[in-house]
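Pasting in a structure now, in structure tokens, and then I'll have a few things to ask.
Residue numbering begins at 1 within each chain, and the chains themselves are lettered A, B, C and D in the order written.
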């Protein structure tokens, strides 16, 4: 461990490498270097306004931070041996501009710095996720539009229930994804408060101008309460909750497509790009992309469990336990962005086998329609239901034909939200024209 | 198990009591009886419009549903032996109005019914939670206002950090609770789509008027896609996510107050109402209410884990697994409402011991202020920090006094969000006047 | 709330019904009444040995406890208004034998009482679970033995991989269940230490004979450390961990059977006893038992999350948070016992359709065998693999026949643990004769 | 992605870098390189016995594997671009020995290889964990022995309950740790079955000698069923369950020590090695090691949630979802080993302030003893309790003195498991002499 910039009240300690390794977060939080530098520039501007920095010092600090930013983006920054990204920036700044660097921590604390850098990261990540959700929705809308007339069994309990359009199936998940998008946008709104200037726990001294810092960093306003800002991790949890819910949705679509692309169904064919072979069995074409996405839903739920449990029962104020938040947050965000991108590719490369879908619709799929026709002749539904059920039980139903065709059946569900063509077309049109978020 | 209303394709089955007990949800979903009856009334109105019900039948069904509602609210309804609340209502309706009862399931399915009843329940529950959050915030605002001048150590890492107002501490959690409130309101907005008329999977036949059903049940609109409506449980998960996050917040406040009401701190005294004695140790006054709330955060996180895992990898469409959703949802909602009510009582009955708070502020709490004063004299902060730190390490710091008093220290944090009196007063005023949600 | 037996240092408190309801555990822990009475009898015997009870008092207490046990087992005990099962027994005992009742808490505390009663409950529950696992294994062994020659595709990635015996599939899960059984037995061994006599936190006064209490309650020995005994909940967590793992296993078998009993596969037919019909669709026969079991795996994992989070970061010593442990423990145990019983029924009533299984084995299933035959002729495996893979890619493989039959294929896997008949027979025989646990 | 060793049925695919990155596990499973090579050596020996390898080929393969092992241990192996550690070894082996390398996959599959390599890893990890638990226990036993006469308040509900020895407190956690050790040893026993030779799903062809492979790899026997071996992850879950439970224990001890080393208690002083300073507040000495350990309990519980959810509802047989298992397993093992090592250091460097402990024992701590003394004079306990409680309520208790001293109080708990000196000494002696596990 490189010595810290500061000489603390603790003696140069006897190193325990196991603790040093556990204590250092630089391996994880170096990802926040860009945000840490931006926040430092905003803080320097506020310090200059407060007279802590002379104009010349401010200028020197600005130039040094710019050069650090360049170093970071070019990948040439050596972060090894530092405890965290905050110590790194202070240390390097002090190297580059001496006394002006030694002033950068005036009135601020790592407690607020990690909160600020994470919030900048979360704003970026949530925007990126919203964009990726929109792209996946677009891919599903296009696939649905191209396959409006493919009719398949709708399933409940893994058994054929009633005929539905495959486009109606995709529209169901577009509707779900639009709720996920709404959740991300709600989080973005709540993220729009800037923790900079919260200090360790009690707020900023010297009348530092937190409104200015917030403005410079692109936030709508400074956060309301400094203690809340350094102590709480609810936005991290909210982001990971949104991620966990979205991943559960993807896992369900993945499950459907894994089954439907298997030989037992054959409803869709997956693009070779997203499949792999076996090391032993020459005939294999496995849907690895979909399986991995399904599995990764568990990973993100684990991240959420960890974050909730991390914060549960923790005293108010910064506790070092909170260092654990970043790995879980980054993991959830990385996973979601990667899964959305891959899923979009899976959808775009998937081909629809309308014939196989149609063949899977047996006459029993129209049993409800049969009962409905008796209802139209005046029989109470429950009686009609039992009459059809008895025929099925007696093996006298269908004989391979049904009075209602699958095409008729889907068109009969013409109420709002139903699987009739006009309704599905309306769903897709509405989703297509709903204003994108960025 | 009472026989179902309907004669299905399955023979009267040989009973396995273990399975019957597992399969029946009536013990849980009877709580939805009021919502199920309301949805049935709306469905009957839609069926009447579609000509399935004659005006006389509709009238008879309406009267019967009203009498069932009365029976339910008086607690005299015998639900034993039924599979679920949906079968119960159909069965009782058929008893009461024969053929008109036998028509009630025309075009609808239990898949949509459970979705609709749960959504009505969630709207009510979320509104109730928002109200209870507001009440707790009010109690905290009042307690803060009454104790504006109590100054205590702000803690990080469980060690004294800097002086803060106790009112500033409470304001921090008011700020957090207002975000929780925002989350509940966002969920309420997303809940405002009505699943009624979704059928089993494919939508409603007979051109049933879903807009009317939605309107009668107080929703802004019918849901967008029938398959999505019967299959998804994301709103349940969102509600329980909000609950889990709120409970984590309460657990943290509880942890603080458990410590601060202990003899080692003595900052606050808890009302006897919310404490209990020991069965063995005569001296004991235990903070059971706060401990239970802290513990119940775990329970709700467990509910969330269960719901996410329940849905992960499940094929689209209703699966019987989803029957498990209600117990977790009800448990989370019950827990949150109960904990909010008790916490409000704890806050209201708590007394603040400003003297003990003040006594706990040692001179080290002002060490940052000491360094800040050197900064004001022109020394770079990091140098000032090290100078003070060295004095502390050498045992030469403070000698029981500090150049800055706790009162001065808190007033020095006068930037937005800081612990200075004017800032805390502004926080409380803003929270007090932010329009309540109902 | 009935007044407690004891007059504590707290005044008769102003009731807050919300807190009273939260604080009382009697609705949950009344299930431990039998164990609480047994532990009280043991404690009375120890008190008699220590001279706290005269022989006459001891006799009177014993008779009173017996009559309470009878009352409890007959269901006539009125527990309403009591805080917990411990207060209930002390109160009723004092009613029944006055001063002798008022002596029963000498040297003991509810902290040790709940630990002791739960441990007795866990021993019983773990034994019951072991028995139920054995019964399910037996059902699977019998089903496998009856269907030794049914050959089906073994699946990986949800696609046909290589032919396997259905009995080999069942034997795989018998092997897994035997590990679950081993875990339960390990837990039973660890449970065999008696917490009685631990007091509140520091141990028992008056030299009370903890060995005797342990012996009377059927434990191998008293627990090692009183503080550990009243504070820890690791055995509860271990039991629920075992339950969660077992439920995951059941969920996987359930998933297989849900798919294989669907029309797309038709490999097995489920007994009507464990299926249900739809309220809307007359043709439906849904595998509700299996779906519920799959779903309940999530419930038990939620219980585990809750227990781990409950205890995380809790100070050593009894905290009221721990009151939450029992509901999660009872729920996990109830769920596991119910699911094991139902699953056994599902397996016993399931019929195997060997023809459908056989038909699903396409020539690609023998592609590995084709490559293996080239290996036998001296070609390195990787080259043989590529040759077969190229034929498949070129559409030149199989033409409906394969050089190796499914029957040959399974018999080629004749190494230990393979799907050849003699190996599967040996697995079943070994499982059948492994000594049952009780 | 480097091309695979094999030419599969899939065309050289159009790359989607997002999927390639997701699909490759080499970044994670390279940690298993040593185990993969060992398993390959065992497999080669079995192939030689079966005549697949000539002696010369076998010799060449052995030498190549040895050189790969050396390359791996020296850190010079370039794994970049490979899909996984299994492909890497096959590819490199084929480079090194041509046709003999191309034979290495004869009869085996990555499905069995990952199971085998992980099992070797788990055996090593579990042994390492058992050793580290023993070391921590030893540190606690020594610290307890050195501080036998330090008496402190035992706490329940975070309030002083009864006096206990600090050594008794440590002995409580030694008892708990010995149960954790037992769990690890039970898992080790269950891990002792070798998956090698399980093939893809159905077992090994060519009569490959699985007993030999098991023996060469140090297992007691080959696994019982090949399908079970490639499909199940229950041992991974069991290991992570043990880890989660152990971490919960450490989090509780950490919580105690964080509080007790704070100024409000001062019972112990933490070594500077395991504390850090603040970037802003010069006076700070923060217990970061303990906080991080407390926080990491959440991380491991998240790993467990992820693993349970990963496997829930997954069809039997290898699914690609299972690739996610390793990161969770490695993370849990790494975390546990690191936390145990650091915790041992914390305990060893911690100093005990017996004076501060003693001062915190107020007369109320002996209130139970006061009641017990009345019991000894013949008063029923409940009456004695109320008499003392009334005195406390009336402010007439204690007056700074109590009839029983803290030293008397602890010696009165002289039953087995109690806090009397002889009992604590016996606990420590028993723990010290219980045979270590390796």
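Methods note: a contact is a pair of C-beta atoms (placed from the backbone, for glycine too) under 8 Å apart; a residue touches a chain by one contact, two chains touch by 3 or more.
Everything numeric in this text was worked out from a predicted model, so none of it was measured.
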Shared touching partners of chain A and chain B are C, D
Outermost chain relative to chain B, judged by CA means, is D
Between chain B and chain C, the Cα-mean centres are separated in Å by 31
CA centroids of chain C and chain D: separation to the nearest Å works out as 23
So, in whole Å, the Cα centroid of chain B is separated from that of chain D by 35
Residues of chain D that touch two or more other chains sit at 6, 8-11, 90, 105, 111, 156-158, 161-162, 199-200, 259, 277-278, 280-288, 291, 294, 297-298, 301, 304-305, 308-309, 312-314, 319-320, 368, 385-386, 389, 392
In their shared complex, chain B is touched by residues of chain C numbered 4, 6, 8-11, 13-16, 18-19, 21-23, 86-87, 90, 105, 108-111, 199-200, 272-289, 291-292, 294-299, 301-310, 319-324, 327-328, 338-339, 341-342, 345
Interface with chain C, chain A side, in the complex: residues 156-162, 258-259, 262-265, 277-278, 280-288, 291, 305, 308-309, 312-314, 360, 362, 364-365, 367-368, 370-371, 385-386, 388-389, 392, 397
The residues of chain A that touch chain B in their complex are 5-11, 52, 90, 94, 99-100, 102-107, 111, 154-158, 161-164, 168-169, 171-176, 179-180, 182-183, 186, 190, 197-211, 222-232, 234, 237-238, 241, 244-245, 248-249, 251-256, 259, 294, 297-298, 301, 304-305, 308-309, 311-320, 368-369, 372, 375-376, 380-383, 385-386, 389-390, 392-393, 409-410, 412-420, 423, 427, 430
